[in-house]
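In the two assemblies presented below, chain A is common to both, partnered first by chain B and then by chain C.
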Partner chain A sequence: MRVLWMKKEDLREFLESSKQFGELWGPVQKGEVYVYDKIDDFSRLILEPKRTLLPVKKLIHPPEFNILRYEGETYKTELENIPRRVVYGVPPCDIHGLLILDDLFRRYYPDPYYITRRERTAILGVSFCTPTEGCLCKSMGTDVVQEGFDLFFSDLKDFYLVWVGSSLGDDMVKVRPDLFNNNITRKHLDKFMECKKERDEKFTKSIDMTVIPDIMELSYDSPVWEEIGERCLECGACTMVCPTCNCYNVVDEPSISGFTGERRRYWDCCIFTEYSLVAGGDNFRATRADRLKLWYTHKLKSFGYSGKPACVGCGRCIDTCPVDINVLSVVRGLLGGKEKEGKS
Partner chain B sequence: MGKKKIGIYSFSGCSGEQLVILECGAELFNLCDLTEIKSFPMAQSNNEYTLLDIGLLEGSITTERQKRELKEIRSHAKILVAMGICACFGGIQSMKLGEGGWKKRFQKVYGDEDKLFKTMKPLESKPCNAFVKIDYYIPGCPIDKKQFLHSITHVLNGSSPYLYQFSVCTECKWKENDCLLLRGLPCLGPLTRGGCGAACLCYNIPCVGCWGPAEVLNVPSEYRLLIEKGYTTEEIQRKFRKFGGAPMVECLKKIMKQSNYSATKAPRLKGGI
Partner chain C sequence: MNKSNEENPFVPEPARIVRKYDLSDDVRFFQIRFVDMEKALSMRYLPGQFMMLSIAGAGEAPFSISSTPSRPGLLEFCVREVGEVTRALFRLKENSIVGIRGPYGNGFPLDKIKGNNLIIVVGGLGAAPLRSLLLYALDNRDNFGNVYLLHGARTPSDMLFKEEFLELKERDDLQCLLSVDKDPTGDWPCYVAKVTKLFKYVKNVNVAKTYAAVCGPPVMYKFVIEKLVKLGIPKHQILMTLERRMKCGIGKCGHCVVGHTYTCIDGPVFTYWDVTNMRELI
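What follows is the complex of A and B.
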């Protein structure tokens, strides 16, 4: 991987130049939360990475969109309307989330809607954010990232170390070669290690992922599932904000004449009763406890073909659940409340 | 095959559903082309009770006469669809449903019943399904244009409408709104049927539940949560019942039956945060 460094004050100029590769998107403040939004006014862009309410998946696997429109017996997909975008400010945990979705939507079940958006979206990652309450990326091993981005900016206070992760990223750098410096010295490496160490010490919460997958296996009959099942509001918020939740529903919306119509796709959620309901009224996971157990099995034990836990430790479920059901509280519950709260 | 006959009938409510239908633009013309509209009080004169393929109802039933009309419509219609919170759950005028004491309240407002409303014979407000079988429901206050068009299209073509079963929270997260429950506000999003696009939440206004109870909901948990946030049982019950209709009354009765019910009894994870 090509690694360069860049002066901090040059970032804005670089991002302006990157607009020729697509619409510039990045985190902005919306009320009390942060969201990815299109950046027309540069002063709105927040340069340090933030935990946005929805992860970057919202741009690659949108909450709701039309797959196609049909007229009579012909149909047209809406793939060509997908815009090119450059998304700045994506933290490593979100990129790991994308890598898990890549596995699913690019490798095993090639999904043209996901693939097209992914290919038309340049991911500009940023790291060495100050961990906030609920950041668990270090526990999950998602605090560093080697792939899945086009450019990655390690914020080392005085300068950025810029990792070029794709040929698109390389093209973006080549537009303004004057802003980047090839000469990486010992000084840069020392600063990198120093910032990493400083950041690592700031994590306040941890999960011991060397044991949790096994604990999950052993906790199939744990009373914890009943307890959280009783509390869960079944609002689905945890799955909407999770970077690795990917389920969706597809419905046809015919027009009244029946001649034209559209096919809509929108996020679904395995916490909903309806999700596991089948014709005839049987439900494979009839209780909330069953459904939550499935969700946490995917997040903390194994998911998909990789067989690895799908939790990327972004902390969004901790921020989002109104009744305190999240990876941290579930792990504490499964460990009988003994999970240490201190530093890792 | 001739055109399908449809009829829209209005009982006690604000006629908001008819207004939404009138706002359907080009699709309304397509509907008029494809069907014979036998009744649509806000759009045409000469409305009749006649044989129908589809009857669309709005408003709750508050008089003997409405009850009679509803039963007549049912006997004439192959399919009946209840539209809006009033027809589906009784609406705000049914917020005291199941509590008893209606006669007393009525008398307090209107005086002695015998001397009034001889022709109308008032009843306690109830949703349409209290009297007749309803085939499909389109929730809302008022209904959503897209959901109406989706439903009428499916029903006209002999299939079942498929509307969101999830609560308001799902769409609220799609719109990336800050959770008002987490801010301590009494938001009924988790209990309320989705489909409104989290309209109020996008303006930081807590959900009041005007689309009626969701298909699946966890009333005891939200009840406990609001107790923990410092709301009184009276406040919570009032909020839950405003648009909750009979299903909510049943849920609340069950909660209140647990005699030693209190916030401290709320099941918590051991060592939860």
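What follows is the complex of A and C.
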């Protein structure tokens, strides 16, 4: 991979120049949380990496959109109005989330909605984040990322290392070659290692993913599922904030005439009662315990066509769940109350 | 049609309802043909596969194909009126246009079944996918050993394809065993018994060379599988086709997932071994 370095103070100028590749988006503060938003006023943009309320998936697999427009029984694809975007400030865990969604939406029957948005969105990643409580990327192996972005900025305090991950990323660099430096020296490498070590020491929580998939298999009949099933409020927030939750529902919305209308895709949630309900009334996951077990199976044991655990350790479920059901508390429960505190 | 439609697997193709009639109080038979005749004649599919049927305004739902690929041109479905899409479908008249896309799913593994005996066990609406397999086997009769149909319904008026299956009793190359739980009219010409009682007529089969295909209401599987296992049919030769909620049919929407297995892609046909291995399948 092509790696360059850049002075910290040049980032703003570079991002200004990248606007020719699409609308600039990035994290801004909204009340007490950070959210990805369109950046018209540069002073709102948060330059250091932050955990946003929703992961970057909200821009690639949006909460709701039209997939088809129909007139009688003639259907037309709705792909025209997808804008080109440059999204700055995406942390490694969110990029790993995209890599997992990439496989799901691209394999077997490629999904044109996901693929078009992904192709029209330049991903500008950022590290090193300061781990907050609940950050588990180190445990999940998602604290570093080698693909899935166009450019990646490693924040090494005095300067950025800039990793060029795609041809588009390379084009973006070429608009302002004066801001980038090719000459990577031992000094840069030492600084990289120093910052990484400093970051690594700040993790407070960990999960041992070498055993958790097997623990999940062995815990199929564990009373833990009933316990958390009773506690769960079925709000669905965990699935909304999770970078690897892709489930969606499809609903037709006719116009007043009834003859024309839209077929829309909405985020769905496997924690909801109707998720596995079929016409006729059979519900294949009638209890909350069953539904929560499915969610945790996907996050901690196997998910998607590759059958690997899909948790990217972003910590959002830990921040979000109002009744403390999250990957940490579930693992703690499955291991019989022993949560491994301390450094990974 | 614009270019993006062609590359979009979510776009239904227009198809015409060419014939429909009631199979029971709430189940209707539909013959449907792609408006595009070339598409109608060239579509390849396997027994056990399904299609997404779409009615603009009401939505989309998955339906097993009841016709056999050995008789190309028309697609047949038997549909119970239970949800929003099926209610809208039941309101449609002959010659109405619906949208269809597919075929999807793995279908029955014909390459493996060929050369073996075949026991087809049907309960209720399970006739929808299994009629396709039965007709396929009869149309390619030389490729199969002994073929059995064990078909159970609550009453004679609930038996789907009753006339069609009663006619099959005339055939010498099929053991057609039809039963009803109850016979209120008293003129039912076949068995009055649970479908599991029909297994006593399945005799002297070389079980190592026998496949079974089962589809019916969830409560039926346990008892039927018990019988098949007792006969000695290997677990991986007992096939069943399963129902799940589906919104896409192509492994994207997540609803049909069992563990990390997608019923729409890895299924809907599973073996009894799969079912033993993945506890949530049935």
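Remarks
By our rule, the second predicted complex is superposed on the first by the 338 of 344 C-alpha atoms of A that agree within 3 Å, B and C clash if a C-alpha of one lies under 4 Å from a C-alpha of the other, contacts with A are read in each partner's own complex, and residues count from 1 in each chain.
In this text, contacts are C-beta pairs under 8 Å (C-beta built on N, C-alpha and C of every residue); 3 or more make two chains touch, one makes a residue touch a chain.
Keep in mind that what you see is a predicted model, and the values were worked out from it rather than measured.
Shared-chain residue A:A279: touches chain C; no touch with chain B. Residue contacts after overlaying the shared chain place A:K30 against chain B, while chain C stays out of touching range. Of the two partner chains placed by superposition, chain B and chain C are both touched by A:V251. Legend: residue contacts after superposition of the two complexes on their common chain; A:P63 is shown touching chain B, with no touch to chain C.
When the shared chain is aligned, no partner comes close enough to touch A:I215: not chain B, not chain C. Within the superposed three-chain model, A:I46 lies out of touch with both chain B and chain C [touch as defined at top]. By the touch criterion defined above, A:T77 reaches chain C but does not reach chain B.
Applying the stated touch rule to the two superposed structures, the overlap between the chain B and chain C interfaces on chain A comprises residues 251, 254, 258.
Interface residues of chain A facing chain C in the complex, by the touch rule stated above, are 67-68, 70, 72-77, 79, 104-105, 107-112, 220, 246-252, 254, 258, 261, 263, 268, 270, 275-282, 284-285, 290, 294, 297-298, 301-305, 307. Across the complex, chain A is touched by residues 27, 30-31, 34, 146, 149-150, 152-154, 156-157, 162, 165-167, 169-170, 172-174, 176-179, 181-183, 189-191, 204, 215-218, 220-222, 224-225, 266-273 of chain B.
On chain C, the positions that touch chain A within their shared complex are 2, 4-5, 7-12, 14, 54-61, 80, 82-83, 85-86, 97-99, 218, 243-245, 247-248, 250-255, 257, 259-260, 262, 265, 279-280. Residues 30-33, 35, 52-54, 58, 63-64, 224, 227-228, 230-237, 240-241, 251, 253-258, 266-267, 269, 272-274, 288, 320, 322-324, 328-330, 332-333, 336-339 of chain A are the ones touching chain B in the complex.
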